[in-house]
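Below you will find the structure I want to go over with you.
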Amino acid sequence: MVVDEGWSLVPINPRAEVTQARILSNRKVGAYHHIAFEAGEIGRYAKPGNFIAIAVGGDFSSMPLHRVFAIYRAKAEGIHASTIEIIVAAHGKGSEWLVKQSEGSQLRITGPLGTSFPLPAEPVNVAIVGGGYGSAPLFDLADHLKTRGCRVDAVIGASTSSKIFAPLDGKRTVNSVTVTTEDGSAGVQGRVTDVLDELIDRQRIDLIYSCGPMAMLKAIDEVAQRHQISHLISVEEAMACGIGICMTCVLPIKDSKGIVKMTRTCIEGPVIDSERVLWSKGIPEGTWGAP
Amino acid sequence: MSDVDLSTELAYAKFENPIFTASGCASSGKELAQFFPLTELGAMVTKSIMLRPRSGRATPRMAETPSGMLNSIGLQGPGIDLFLEEDLPWLLNTGARAVVSIAGESVDEYGALSRRLRGVKGISAIEVNISCPNVENRGLVFACDQASARAVIETVRINIGGEYPIIAKLSPDVTDISLIAGEVINAGADGLALINTLLGMVIDSETLKPVLGGKTGGLSGPAIRPVAVRAIYQVHAKYPKIPILGMGGVTSGGDALQLIAAGASAVSVGTASFGDPLAPVRIKEELASLLEGHGFSRIRDAIGVAHV
Amino acid sequence: MSDVDLSTELAYAKFENPIFTASGCASSGKELAQFFPLTELGAMVTKSIMLRPRSGRATPRMAETPSGMLNSIGLQGPGIDLFLEEDLPWLLNTGARAVVSIAGESVDEYGALSRRLRGVKGISAIEVNISCPNVENRGLVFACDQASARAVIETVRINIGGEYPIIAKLSPDVTDISLIAGEVINAGADGLALINTLLGMVIDSETLKPVLGGKTGGLSGPAIRPVAVRAIYQVHAKYPKIPILGMGGVTSGGDALQLIAAGASAVSVGTASFGDPLAPVRIKEELASLLEGHGFSRIRDAIGVAHV
Amino acid sequence: MVVDEGWSLVPINPRAEVTQARILSNRKVGAYHHIAFEAGEIGRYAKPGNFIAIAVGGDFSSMPLHRVFAIYRAKAEGIHASTIEIIVAAHGKGSEWLVKQSEGSQLRITGPLGTSFPLPAEPVNVAIVGGGYGSAPLFDLADHLKTRGCRVDAVIGASTSSKIFAPLDGKRTVNSVTVTTEDGSAGVQGRVTDVLDELIDRQRIDLIYSCGPMAMLKAIDEVAQRHQISHLISVEEAMACGIGICMTCVLPIKDSKGIVKMTRTCIEGPVIDSERVLWSKGIPEGTWGAP
């Protein structure tokens, strides 16, 4: 169903570079911050689904580790350099610091990192499903899908309306947007999976792309499996380095020969074909090298 | 770049420069090779390899701490066979120097690993990570027990022959690190790697349970640098002729110089690469210009100067 | 302030709240009393006092390190006589609770100190700092040797009688802190203080010599917090009935809660006060509201919850 | 010769408080930065010679210790709070961070700390001698001295002209200013002591106040002793806490009974009568409690 455009799913992004990025703007959008950077060549090579790793805390930081964020939008040409945009939910120490940085601040950014969403070879019917800030990378993807003649329907869910990220131009790109909130403060009250079944049937969905918390991805996958349609997911595991050298971001994932390995989701992910994913927690029995 | 002669030695292995990666903080090189040519390094120290493939510990495997981090990776890796078949040839093919780190769960396993490595072409040195629990001795870490530490190094010495210098990597979690150093030197270690991580724990503020899947983990990063400098200084004072590969919280050329002045002949960069993939190269350049500023024409003259 | 019952116990000593100062990080109270009433504290732990007045180590006595600091104060102080004559009465007069910390260079000196303290009114507990070099045993630190650690606590126990709970303060610079804990418990310690500083060194970037007058110094501050949590967790797992006064890098209520969940019944705040004189009071307030948020109505229920 | 105005030299400043201060301005002055704060009540109670302790590095700082700076000027009444000004030489990590902070930044400041300069009971002839940024606290002192009818002559020295701190209104306050630089780039080539002898004779100096590096204070003290005139100094020792609880800032100093003790210069100093100071390095023999 999907074609791998050159290197979408190839481990270790060959375009990664380290750059001193400059904040072009930083503004609040609902519960999130939308931050735009001028970032060397990163924006030129970024593909939908890629992420960046940001060094946080400034020159005398007590935080030695990267923070990673999906690329929301990338532009190959800015005034001085390419640009990238991210959507940040202030969460712990590093992201709290990040959302306080003002225009003009210089940050060290590494990217683009990780795999990206492979695109379908033919114009098919696609659903994109995003939870919380997980919708951020999906609109750029939708753009690419539309160019290839796909129909794209979006389902965007969150616990509450302020956590729905669905920008106007993103909404314009897709054929339809269904919003779900758990508290009913916007759209349909409930979860994305509550509306997905019906959407799949109605629009004869051939392919789902989803991004959000693991529990949501798992629930979506059950729906996808029931309908026997392909499902590409972007996973979110805690990452210390984001570049494949620390082994913290692992998940049990099947390799091409079907062997389950604790796989680094920063270089073999975040975008993964859901077929390869074992949804169990911990290290499943039979994992390669398991005791 | 400056004119300082950065070449250094660990026993009979010579290196063009003293900045190495740290075991477990650079995998086998492929990932960092995206960012700089691995030939820029004094050597790539590969992730500790075990006899068999290993899935490692359950996640979460890390927690950030003030100026440091805990990890409980649990030595995930492909095992020695695949390592020798795929990872090492790839690495050597880049032209980089390779220091191979090994780890075992029993003295015999270290012996078997050494036999597999015997005669393998292109390796520059063996780093023996003895900060692993000894399954045959109530899970006591080899590096924390004089007899176990000695037994491992003796076994490696016998099985590997005299082909590569043996660097024994010690744990700081002991009452007197110079005692353990003495044991492994007597057992045949040609050099020492100082220091491995400190045992630590972080408790989750929400669940009030240990964050890490493995409950405890190893503390690394700038937070532990003063402990590393102290350990290197103590051991170098007692065994000035034994070369030391220093590590622990090095994030700048100045940090590397501290370890060198304390007695290290070369320096591994670990956690710093997690926040800056170019850290090893930057540190090398900063070190060179600092040495120049101090009037050293070769790095060898700086090794151990804090003792003079 | 919240409604959580913050009262806690160390053996048979009861305290209104669990936030104490750390020995050597609050002198004898006069200086912090400028900033808040000392009665806000669970207790003031006084700077370790020795038998005779002591000038301490040469300067420089400190070096800042990433998220920590080294100190080599060398137990400067007025000696027990002047302490009992001036400092302690002043402190008790404020209405604050006093935990008196003692330190010696020989087992006999601890004995003599205990005799001087015997019967002194108003003291809530004795903290025995055994992280000092034993001049009668090649300068080996008492806390790093099972026999010496035991000997000190036995002597204190015999000489002080049963008047005050004895809290033995241990060093993390040992291979197995639970072994030392076991020794001092058998010797009669009613509680444990965990942890003292880690031995470290910083080398000056200009001179390339150790910064501190005493060359090595004790590492404290947030950098060592994971080591403190681990030590408390290990010891509480082995001796769940022995109360622990925890310390090491506590700078927030969340940090204090980590130590409590690991098994501490009370928490000392040390280095944090150097950067914020109001730290102990702020930490107490933060802790109370965190406990409330977690649904605890009394702090006792949170002690050791990380083990459940 | 001098009177102790209430509590100038009393250990542990009774007025100390902790406050969230706001930077009003931060600008470069030669080699230094002049930073003004709105700082609670600190400016109201500050006396010449007092200092403040500043927490550096922000919310996620890797620097747990205070940085201390002499108060250059204090005003009891600002718009919202009292104000204080300091002169900062960027030196190590913390001071480098400090000079980069912009207007409006909030910093935790503790002060006023330490002893202050006692003032003469009668109108006498005074010399103030400052080295580098050490001149900062002396101009406010000069103001007080002038109000009491003293004649005040200033000698300001540094290695080079950019390190001479001698603001215009400061210069106007005093009767004369002699500048010395070691490289001759401003004023007399040489050191402050090269001009002091002659000044003492010419103006019949009765009393010297000095502030600067220890070596300079020592050299000045030799001159003062030769002329048998009183000398009050402000010393600078490395300080971790600035408030008397860590014991790092000690110097061998004689107490009122003549006993030499390792004395905390943050609470019994920085202003000390030079009579009490032992100029030797390390712990002199005979120091109380010395081994």
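Note that the chains are named A, B, C and D in the order they appear, and that numbering of residues resets to 1 at the start of each chain.
Simple rule for what comes next: contacts are C-beta pairs under 8 Å (C-beta built on N, C-alpha and C of every residue); 3 or more make two chains touch, one makes a residue touch a chain.
All values derive from a computational prediction rather than experimental measurement.
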Contacts common to subunit A and subunit B (chain labels): C, D
Distance between the centres, which are taken as Cα means, of subunit D and subunit A, whole angstrom: 56
Chain centre separation (subunit A, subunit C; CA means) in Å: 48
Where subunit C and subunit D are represented by their mean Cα positions, the distance between them in whole Å: 35
In subunit B, residues with contacts to at least two other chains: 66-68, 221-222
Touching two or more other chains - residues of subunit D: 62-63, 93-94
Contact graph of the chains (line, ring, star, complete, other): complete
Subunit C-facing residues of subunit D, complex: 12-14, 16-18, 55, 62-66, 93-94, 108, 110, 237-238, 240-241, 243-248, 250-251, 261-262, 267, 282-283, 287-291
Residue numbers on subunit B that touch subunit D, as the complex places them: 66-67, 222
Complex contact set, residues of subunit C against subunit B: 63, 65-68, 70, 144-145, 173-176, 198-203, 205, 208-210, 215-216, 219, 221-227, 229-230, 233, 249, 254, 257-258, 261-262, 290, 294, 302, 305-306
In the complex with subunit D, residue positions of subunit C that touch it: 24-27, 30-32, 34-35, 47, 52-56, 58-62, 64, 66-69, 71, 73, 76-79, 213, 221-222, 251, 271-278
In the complex, subunit A residues that touch subunit C: 62
